[in-house]
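Next come two complexes built around chain A: one with chain B, the other with chain C.
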Partner chain A sequence: MIRYTLRRLTLLIVTLWLLTVFLFSLNYFFPGDPLTNMTGIRASNTLSYQLAAEARGFDASIISQYINFVGHFVRGDWGQSLTTQRDVFTDLIPLLGGTLELSLLAMILAMVIGAPLGLYAAGQQRGSMDRLAMGVSLSAYSIPVFWLAQLLILLFAVKLRWTPISGQINPLFDIDVYSGSIIVDILISDNPYKQAALLDAINHLWLPVIVLAIMPATMLMRITRNSMLEVLQQNYIRAARARGLTETRILLRHVLPNAMQPVVRQLGLMFSILMSNIIITEVIFNWPGLGSWLVKSIYERDYPVMQGGLFAFAALILLVNVLVELFHAWRYPQVRKELYAER
Partner chain B sequence: MSIWRLWLLTPILTLAACTPASHDVAPLRNGIVYCSEGNPESFNPQLGTSGTTIDATSAQIYDRLIDYDDHQQKFVPALAESWQTLDNGTRYRFTLRPNVQFHQAPWFTPSRAFNADDVVFTFKRWLNEDHPYHEVNGGSYPFFTASGLSRLITDVVAVNETTVDFYLKHSNSSFLANLATDFAVILSAEYGAELLVRGEPAEIDKQPIGTGPFVFEEFRKDLIIRYQRHDDYWREPAHIEQLVYSITPNANKRMLKLITGECDVIPYPLVEELAQLDTGDEIQISSTVNPNIAFWAFNTEHPPFDDVLVRRAMASAINRKAIIQTIYNGNAKLATGVLPETSWAYSPVDQTYGYNPERARELLIEAGYGDGFEFDIWAMPVQRAYNPNAQKMAELIQSDLAQIGVTANIVSYEWNAFRRRLARDEHDSVLIGWIADNADPDNFFRPLLSCNALNVGTNRANWCEPGFDDLLVQAISEENTDSRKKLYQEVENWVYREAPLVPIANSMRFQAHRSDVHGVEVPAYGGVSFRNAYRDGKREQEAQP
Partner chain C sequence: MTILDIRNLTIELETDNGPVRVLDRFNLQLAEGEIHTLIGESGSGKSLLAKAILGFINPRWKITADRLWWRHYDLLALNNAQRRIVTGRDMAMIFQDPSTYLDPNDKVGAQLRETIPAGELTGIYLKRRADRQTRAERLLHRVGIKDTKEVMESYPHELSEGLAQKVSIAMAIAHNPKLLIADEPTTAMEPNTRAQIYRLLAKLSAGQGMSILMITQDLTAVVPESQRISLIYCGQLMESGPTEQVMQSPLHPYTDAMLSMSLFNQNAGPKTRLPTLSGAIPTLQHMPIGCRLGPRCPYARRACVIQPPLEKRQQQQYACHYPLWEDSGHD
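Take a look at the complex of A and B:
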């Protein structure tokens, strides 16, 4: 396991390194002055510009420029926004919180809905409920997120008036932003109207979470169903039945843990898909997260913000994938054996 | 199967927890959400001309020396209690209001009340190139340059704590009008000095300090601007405790958010769409006539428009009523002259040519163009408050002109190229417009039709008559309002006779709000103000302590 962990971590570091090389070269590919693209300091601001050029080794070779770039990057000096002149890294932290909140809740919801429905469908194999569930999941899987979001907004917000259509919370609740996750921020705030604020925040949350959860939930459902069916045909299940164990016990103790193995393996992939959907969802729901920030920066040609957003997104996806793989290998030793090709 | 039931219960319970939050919580009751159409460029209106910045700053954070009252159509005291004109109109003396408090914020605690130093600091910032703040945040003060104020004022001197003298190069009756605009806000000199010591002068326009009814609290780009009530405000403090601008650039989303109640007030609503939706009496739409004018200007240097008869023929040939119905959906008034209804010098006498194709044809024959001619109409490629669709307007004019045998070709370029070529006078005629910056009628004529405006590039008619300029100078040097009014009628008449341009429409500015919100003011000249805004049920509460 240690060897495996080290290998994964090395791979992660190498990928991140390649990412920094890519980001560094972007500064030269973007139109305009590379130093301005990198730091957000315009040449018209002569003094700061010269200081930045010195600090970033712009008088030396490209290699030393790159080394300086990585040095600044690691220290959290990601430059300043070209439009707001604010520090990119400082602005990024709360936005990351907003994105994580939305994605984690959607992931949890997807698991709560998807996996049990898959189990249920497997239990009713080829029955009418199975067909119905599979049919619904296939159609839900095929609906693009941007369309689904608009549809649900029209239904729940405009027609039924159950929920607002944008933002994290009614802005009149003056909640200070620390983590960017609205639930966490409310809980740590000393606002006298905490409870009302929390209700309002949940009321803002549930629609985007459902929109985001639908795609991974349907994926989970299909994977769970298929792997359940596979496990149910194994000899040890037959043996358990022969020994007279109850169905519930067989399901919970023997089928489920084994059936979850391929499901866990897919979680990383699902997270990646979720991340691309979250960009669209955040824009539609005006959610203050990395996704809407990144899209906005592309419109505004705000290169330092674009780089920061890109890196944060890529690093998040990589990190989650590595963590899922590590968990997978730790939880299911047979996987490790396959990886090492051990006998 | 009990697991299944439990699992089915979970989402139901979750949904049950999501019933809409009650609006009966104090912060929701005591605050108003305004869904603005964009981010402000800065928090100092001196630095720009964008309406979005004005809406977010002028009337909320700051005050001016004097204000302009739309209803009484006169100047009223604000930070200056009184003022007098001295030395034949070349010196203005302002007596300042005592005990006016600046905002107290986490980034600044004022140690003294507003006084003459603040006025000198504020005006010297853009007036004096050696001022330590002149170059801060760009060093460009477009309104003061364009209005000529930076050339007009020679000095600003603090006589004592509560008296300030403005020295002018020559007497100018639009001086007070310019001081009453949303650009002429008063900053804090003490805050400026403190920021210099801290070495962060740029903060003055980002973390603003003013004397206005609301204290700036935070700005998150693309999300919100938050203000709290200024409790020590020198007028009656605002009714609402909190004001939030929720930034929503998309017009459709703004409308939906108004319907769902996330916005209390929105600017520039989609009036047509909103009328189609069944919103009952939850939403009200209000409009004010914006001091703007859409017009059709002829390049009087290009034949045949050098002939006044041809210009009059063109003016008589177009059906302006039909244009207003089609282009503005009825949301505009037929212009009766260059000055809109909001101007104090406005007269209801119609000084435009009515729709009369017969007369137009006669005029053309008289001018020697009985067989018609061919020319270009330039149409703006962008929407403007005064003209939502210049292309369509050009098409309507084109078909009207075809009736009298004149062929018009519609020409358009990308907006920046369009303006560049206009400035080079390459056009035969152009559909464009003007929005006034201040209440002075001079602001409509001097930039559009004076000889000076030829050089600045705003005289689209390329029309210069020294006699007309003399009349303008005479009008602006006149102090008596009634005499000035008469002079501006003469000016209007001159424009009517010579027809260098055809005034088409004065369009309105729209705003929609939820019906439980009242008192949101949109003055004709300037940005939205929430000083007197309140929500139903709030006032009664205040009445019973």
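Take a look at the complex of A and C:
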């Protein structure tokens, strides 16, 4: 397991390194001055520009420029926004919190809905409920998220008026931003109207979470159902029955853990899909997160912000994938054997 | 004492082309503590027989029998739940590729511990746990595994097939079954391991009066401890009897052919072909009527289109109109 962990971590580091090479080269491909693209300092601001050029080795070769770029990057100096002149890295942290809040809640909701429905469908194999569940899941899976989001807004926010159309919380509640996750921020704040604020935040939160959860939930449902059916066919399940173990015990100890294996394996992929959906969802719901921030920076040609957003998204996806793989290998040891056998 | 009594067991599978009879009026009697070897080629229905005895029955199979008795239970009269209780208590089975019968994501020790019947444990939680552990270790000792710690801490994929088979035997004997069905337990194993497994099974049978129904492909796999053998061809019982007697003086042409085909055949001269039956095993949809060996049998005559009844001669049972003994009219 240690060896496996080291291999995965090495892969993570190498990929992150390649990502910095890519980001660095972007500065030269973007229109305009590379130093301005990198730091967000315009040439008209002569003194700061000269200082930045010196600090980032722009008088030397491109290699030393790259080394300086990585140096600044690691220290958290990701430049400043071209439009707001605010530091990219300090802006990014609370936005990351907002995105994580949304994505984690959506993942949890997807698991809570998807896995049990998959199990239920497997139990009703080829019955009418199974067909219905699979049909619904296929249609839900095919609906593009931007359309679904607008439909649901139209229904719940405009027609039924159950929920606000967009935003994270009513600005009347003056909540200080620390982590970016609105629920955490409310809980650590000393606002006298904490409970009301929390309710309001949840009222803002549930619709985007549902929109985001639908796609991974349908995927989970299908994977769970199929793997469940496969595991039930396995010899060791039949042997367990022949040994006279109780059906509950077989289900809990042998069927479920094994059926969850492909589900766990797919979680990383599902998270990647969720991330691309979250960008759209955040824009539609005007949610202060990485996604809406990134899209805004693209509209505004704000290159330092774009780089920061790209890196944050890519690093997040990579990290989650590696963590999922590590968990998978830790929980399902025969995966490790497959890897060793390849050596 | 006969503990398993099967008379005229017939299994039909529903297919798109009508029912197919995969087991045709099969007979088997198994005495307590006896090792009985069932020999049949692949597709002869021997594994189906095992499943029918254990009650792993697909709802699309139609099973009829004059008798299917296990001790004093009429297995066909029991409902599924009752049958599982009887099977779980009295019978156990080991299989061809043992490692697929172990949960790949659970440690061997945990799987072994959970097979120990809870009813035999006493005391409170912690004592029961410790009890389970010692019993599991004792089981592994009984099947000849010395470093129990290491095996119990392993996952199934870390065991060799031989070890995995020993572990599944340990699981099978955890509740002291009266009948163990071993379905080609040593295929794909090295001869050395194979011998170990067979010795182990023979020892268990002798030691605690456990009957074993050994299912194999050919006569070479019959162990010396096996008291009786039965030969099955395409779902029909060909011949059954005491091992020595059947091997020495086969009454059925099929047994005779199997013996001369096998490497036991001492009469074959050097560099001659081993005699084989002409033709091939018929497919399930195209079974010949009467004696299914008919088209391939060197002694077949017109009468063979009628299925011969099971006859008995000096403890040997055979189903053939023209058995192989001196005054039977053969040349």
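FYI, the second predicted complex is superposed on the first by the 337 of 343 C-alpha atoms of A that agree within 3 Å, B and C clash if a C-alpha of one lies under 4 Å from a C-alpha of the other, contacts with A are read in each partner's own complex, and residues count from 1 in each chain.
Operating definition for what follows: a residue touches a chain if its C-beta (ideal position, glycine included) is under 8 Å from a C-beta of that chain, and two chains touch if they have at least 3 such contacts.
Just so it is clear, the model here is predicted, and its values are computed rather than measured.
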item: Superposed partners chain B and chain C on chain A - clash or fit; value: fit
item: First (chain B), second (chain C), both or neither touched by A:57; value: neither
item: Partner chain(s) touched by A:262 [first = chain B, second = chain C, both, neither]; value: neither
item: Inter-chain angle, chain B to chain C through the CA centre of chain A, in degrees rounded to a multiple of 10; value: 160
item: A:334 touches, of chain B and chain C: first, second, both or neither?; value: second
item: Overlay on shared chain A, then closest C-alpha pair between chain B and chain C (Å); value: 19
item: Footprint overlap on chain A, where chain B in one structure and chain C in the other make contact; value: none
item: Sites on chain B touched by chain A in the complex; value: 3-4, 7, 10-11, 14-15, 17-22, 25-28, 31, 33, 217, 220-224, 226, 242, 244, 246, 248, 253, 256-257, 259-262
item: Contact set on chain A toward chain C in their complex; value: 234-236, 238-245, 249, 253-254, 257-258, 261, 331-334, 337
item: Touching residues (chain side chain A, partner chain B) in the complex; value: 83-84, 86, 112-113, 116, 120, 153, 157-158, 161-167, 170-174, 177, 193, 196, 199-200, 202-203, 206, 248, 286, 288, 292, 296
item: Of all residues in chain C, those that touch chain A in their complex; value: 54, 56, 84-85, 87-89, 92-93, 95, 97, 100-106, 114-115, 117, 155-158, 168, 171-172, 174-175
